[in-house]
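Shared between the two complexes below is subunit A, which pairs with subunit B and subunit C, respectively.
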Partner chain A sequence: MAGSLKVRRRARRGRGSSAVRFVFLALFVLFVLVPIYWMVITSIKPTSDYLTVPPVWFPAEPTIVHYTAALFSYRGLQGLINSLIVASAATVLSTLLGTMMAYGLARFNTGGHHLAFWVLSQRFLPPVAIILPIFLLFRSWHLYDTHIGLILIYTVMTLPLTVWMMYAYFRQLPRSLEEAALVDGLSRWQAMWMIAVPLAAPGIAAAAVFAFISVWTEFFFALILTSRHAFTLPTVFRAFLGFQGAQYGEACALATTSLVPSIILGMLVQRHLVRGLTLGALRG
Partner chain B sequence: MANVKISALHKSYAGVQAVRGIDLDIPDGEFTVLVGPSGCGKSTLLRSIAGLEEVEQGTIEIGGEVVNDMRPRDRDVAMVFQDYALYPHMTVFGNISLSLRARGTPKPEIDARVKRAAEMLGITPLLGRYPRQLSGGQRQRVAIGRAIVRNPRVFLFDEPLSNLDAQLRDEMRGEIKRLHQEIATTMIYVTHDQIEAMTLADRIVLMRDGRIEQQGAPLDLFERPASLFVAGFLGSPKMNFLQGRLARSGSAVAIDLGESVPLLALPPGRSLNGAADGAAVILGLRPEHVGRAAGAAPAAGSARLETTIELVQPTGSRSYASFRLGGQPVLSEFQAHDVGGPGEQITVDINLPRATIFDPETGRAL
Partner chain C sequence: MTQSLGTSSMAAARPHWRHSTLSNFVERHFKWLIVMPAVLLILVLSIYPLLFSMWVNFVNYDFEIPGHAFVGLQNFTTVIADPNAQSALLLTIILSVVNVAIEFLLGLVLALAMVKTFRGRGLVMAILIIPLFISPVIVGQSWALFLQRPFGPADYILSQLLGRPVEISWLTQSPWYYIAIVIADVWQWTPFMFVILLAGLAAIPAHLYEAAELDGVSTTQAFFYVTVPQLAPIILLAITFRLLDAVRLFDVIFMMTGGGPGTKTYTASYYLYQVGFQQFHLSVATAGSWIFLILLSVVIMVLVRRLLRAENR
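Let's turn to the complex of A and B:
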């Protein structure tokens, strides 16, 4: 009797807490989605609807003029293409180099205990502290305002986190798998590529998404190191805030456009993302 | 096919000596079991042979060739790991064939050899599955298949059965023994389980603290243990150890277990390394060498005693009964129905010719 009472009470508590949870999650979803909704809606609102009271939740006459203006008049399309080139190349380089470096750190304990942390510590330095020497270097090496230059600086910028994430990932992979491969006749190099790397795919996916997004949203280096050719998407937004007011529609149109690659990438690797991240968290 | 010769091998981890001076000569085709408690260095020794550990001192030869600086892949050894170490992202076929693919074996030959190995182990229907879809026993078979498909010179097993349940372990043990009889390749097998060691080995190498404590045929070690450690490690239930003193009178030698027990006369001819009269000794008696008295007089050399049973532990085929000799507990083996219950007065015969006498100071057999 007492037992069944307890069970019933627990069930009631379960229902209550799940209602609270539902409300909480609903609020959270609103908190996350409303700004995005507002951005998308503003991007298709006629200019007259921007700042009305009460606000227009859905425009009577949607328009795409802000998109054409943002992409063509303000060179948003060029910025988008540049961003895609730079972010993809830097992500590939950072993931490739970071994975190999992390493997070395994890398996051979390269540099003892401190090298791995030293790599991470590179992120402690604020970019503004190094921008002047980098700017001068870029100018004398003819890297200023080039894709190559940005790709290099972004690879360097994203490497520490990639290395650290992959280092944590490789350390939790059982060594015996690679040892079995070594005895089976693979070289260390083959054991890494045929055994460790495929098994680390979730970690690699997570690291790649992180690298891509941090490059995609980077503003400071792009602002200083590019001008008319290699400029990236974030720098285009400067143009929408002028002396004569803000171009809300164009800004939102470009922002909406810039979300698309991140969303596609996120959906592609979503399955791996959580696992890749939590492992890093637990074993760091 | 090759012999393995290890000379003066040393290895330490972070200042702790795991292997301290091992000399071992394993002839071609022999099944050698390295056995000992955890931390005795047996796995380190095996991994050194595989090339997974760097050797600090000493040499390892396989087939007459020093392999110290050879990469694992060039040593032509195969290894079965404790956690099976199957590649999770490859099918059973992929797992078994990897070593052949790595060596550039032509495809038809790979297919034929994988098929033959799979048939030997009864895993042909599993070739298309992934390791996560297999049971523990099936994984173990795949791990063995991966080793035998290559026809290596030496097989190395690192506690391959310790993750299996008891029934499966017995079954796989039999299969590994049968496999050795079929392919007759040198096998080196690490375990901490003395039953595995006894049943599988042509030769047992019993290790302790990075050294070889004793090596030899399983029954030699069992019947003539060189030390208390060996005697206690092999055999289940364990050997009884009774503290006593040596009593010499003329050429006769006996063990004195205290006033309540008659002197146990040892068979003539046991020199006991000249241990002096009155010296402290330990009498080692296996449970099967103490049993219910049969016949009018004890067999030659045996001693007959009266005692009271304190505890009976039936196991089905045998029953183990405990009693005391001079206040010290003794476990003895009986036929299943041959012993009553606690409090029963019985007469037991002690098979003294089979007893082992140890020096308590050094732990060595006398």
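Let's turn to the complex of A and C:
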């Protein structure tokens, strides 16, 4: 009897708190969506709708002129292409090298904990600490404002992520299949590529997507290491600083162009998000 | 490697190339060879630059003054004596602590609200994580657009809600520029805390709550005696990861205030960028970045050591 009373009381309190819960969630969802909505809407607003009071929440005559202006007059297209090249190449390189290293760490305990934590420490190194010497070295190595230079620096930037995500992943996989393959006459190299890597494919794909997103959204290195030639999409936004020319539509069109691919990719790896954010430390 | 695994009959058919010297070498040193490319790349593009900058610290490396004369500790004294450097460091500390604290609290409440399933939870989840996939540059730009008059609707919305005219210049008026920066950072990174804490909450075994319920413990008590201790290692992990990124704050500053008005919103990263790449006092900026790095490694050592201890427990 007492038990059922308690349960009923708990249920009632649950209903009250769930109302608070939904109000809070609704407010936060609104907080997340409103600036994005404002940006996307601005990208299709005609110029005459910019400064009205009250603000125009949906333009009567949507337009795409800002997209063509952003892509062609502000070199957004060039930035987009550069970003695609750099992010894809760095992702491939980082995933390849990272997976190999993670395999060595997980299966052979190469270098013990020290090597693994040395790689992790790279993740916590603030970019501003290495950007000055990198800038000077890139100038003397002729890597300044080149795709190759950016690809290499982004590979190093994303290696801690790919190494640690895959390190955690390989440790979960059973060794027995690779051991059997070795007994069957495969070399260690073959056992890795033909047995372990295919088994780890979902993890590798997720790690690659996270690496791609972090390169795609990176600004600081690209700002300092590129100028007219290899500049990536995020650096193009400098053109709109302060909005002296009131290029609200162009800025928003470019932002929308940039965030669509990374949000789509992000949704694809949503299941692996906890791993990605904690470099494999948590499974989620 | 145990022989019992697999069949040994297949082993007789080993291809002849396995006996070549190269593949023997690869086989023998395999554990080192597969980590080598990544290690070499990090050595060349991260460790070597750091060592190189050790030398830059003590010479004059300035695009306005030719030559690289040895100047001893002068670069360090210059940066330490610079009031802009001091206020930038202070602002970095304050903003990092405030941002991470707000993000943690909001993230925790969100995680508690989302831990039970309800209709539409998947959609809400997908919306909440969107900011994680957006470039901080775009976050800075879109908040600047949203807040700043005459274009942004923020003042209009506020005046409608409050029923009186609101005229705030979010990016130029004290203290609103600090608040604008915090809003942008909290908008982007609360989901980070939320996602990690939600994973932590979901991993707490249900029988602990059932036991607490049998003991007649109230929801509040259950939160403090079951949830918090169980979640502690994950809280530490989330705060460590977030804090070490929060101190880098640059992109949002760059897009929203440009360090201004004046030097009011200079953070450590933004200050070093200004000194190094706008004024081209590369040596002074390098010395500053080393001071920043040393201060940061103290924080890292404390937090990461705690983290490892919590993991081992």
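The criterion applied here is as follows: the second predicted complex is superposed on the first by the 220 of 284 C-alpha atoms of A that agree within 3 Å, B and C clash if a C-alpha of one lies under 4 Å from a C-alpha of the other, contacts with A are read in each partner's own complex, and residues count from 1 in each chain.
The definition used in the following text is that a contact is a pair of C-beta atoms (placed from the backbone, for glycine too) under 8 Å apart; a residue touches a chain by one contact, two chains touch by 3 or more.
Quantities reported herein were computed from a predicted structural model and do not represent experimental measurements.
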| item | value |
| --- | --- |
| Which superposed partner A:Ala230 touches (first subunit B, second subunit C, both, neither) | neither |
| Subunit A residues touched by each partner, larger count belonging to subunit B or subunit C | C |
| Which superposed partner A:Glu179 touches (first subunit B, second subunit C, both, neither) | both |
| Which superposed partner A:Leu199 touches (first subunit B, second subunit C, both, neither) | first |
| First (subunit B), second (subunit C), both or neither touched by A:Gln270 | second |
| Touching partner for A:Thr110 - first (subunit B), second (subunit C), both, neither | second |
| Partner chain(s) touched by A:Ala211 [first = subunit B, second = subunit C, both, neither] | neither |
| Which superposed partner A:Phe124 touches (first subunit B, second subunit C, both, neither) | second |
| Touching partner for A:Ser187 - first (subunit B), second (subunit C), both, neither | both |
| Which superposed partner A:Leu80 touches (first subunit B, second subunit C, both, neither) | neither |
| Residues of subunit A at both interfaces, subunit B in one complex, subunit C in the other | 176, 179-185, 187 |
| Residue numbers on subunit B that touch subunit A, as the complex places them | 50-52, 71-73, 77-79, 81-83, 85-89, 98-99, 102-103, 146, 150, 156 |
| In the complex, subunit A residues that touch subunit C | 6, 10, 13, 21, 24-25, 28-29, 31-36, 38-39, 42, 50-51, 53-55, 97-98, 100-101, 103-105, 107-108, 110-111, 115, 119, 121-122, 124-137, 152-153, 155-156, 159, 163, 176, 179-185, 187-189, 192, 213, 216-220, 223-224, 234, 237, 240-243, 246, 248, 251-252, 255, 258-259, 262-263, 265-267, 270, 273-274, 277-278, 281-284 |
| Subunit B contact footprint on subunit A (complex, rising order) | 174, 176-177, 179-187, 190, 194-195, 198-199 |
| Partner subunit A, residues of subunit C touching it in the complex | 1-3, 5-8, 10-11, 13-15, 18, 23, 26-27, 30-32, 34-35, 37-39, 41-42, 45-46, 48-50, 52-53, 56, 61, 106, 109-110, 113-114, 124-138, 141-143, 145-146, 150-151, 153, 156, 187, 191-192, 195-196, 199-200, 216, 219, 234, 237, 241, 244, 247-248, 250-251, 254-255, 258, 268-269, 272-273, 276-277, 282, 285-286, 289-290, 292-293, 296, 300 |
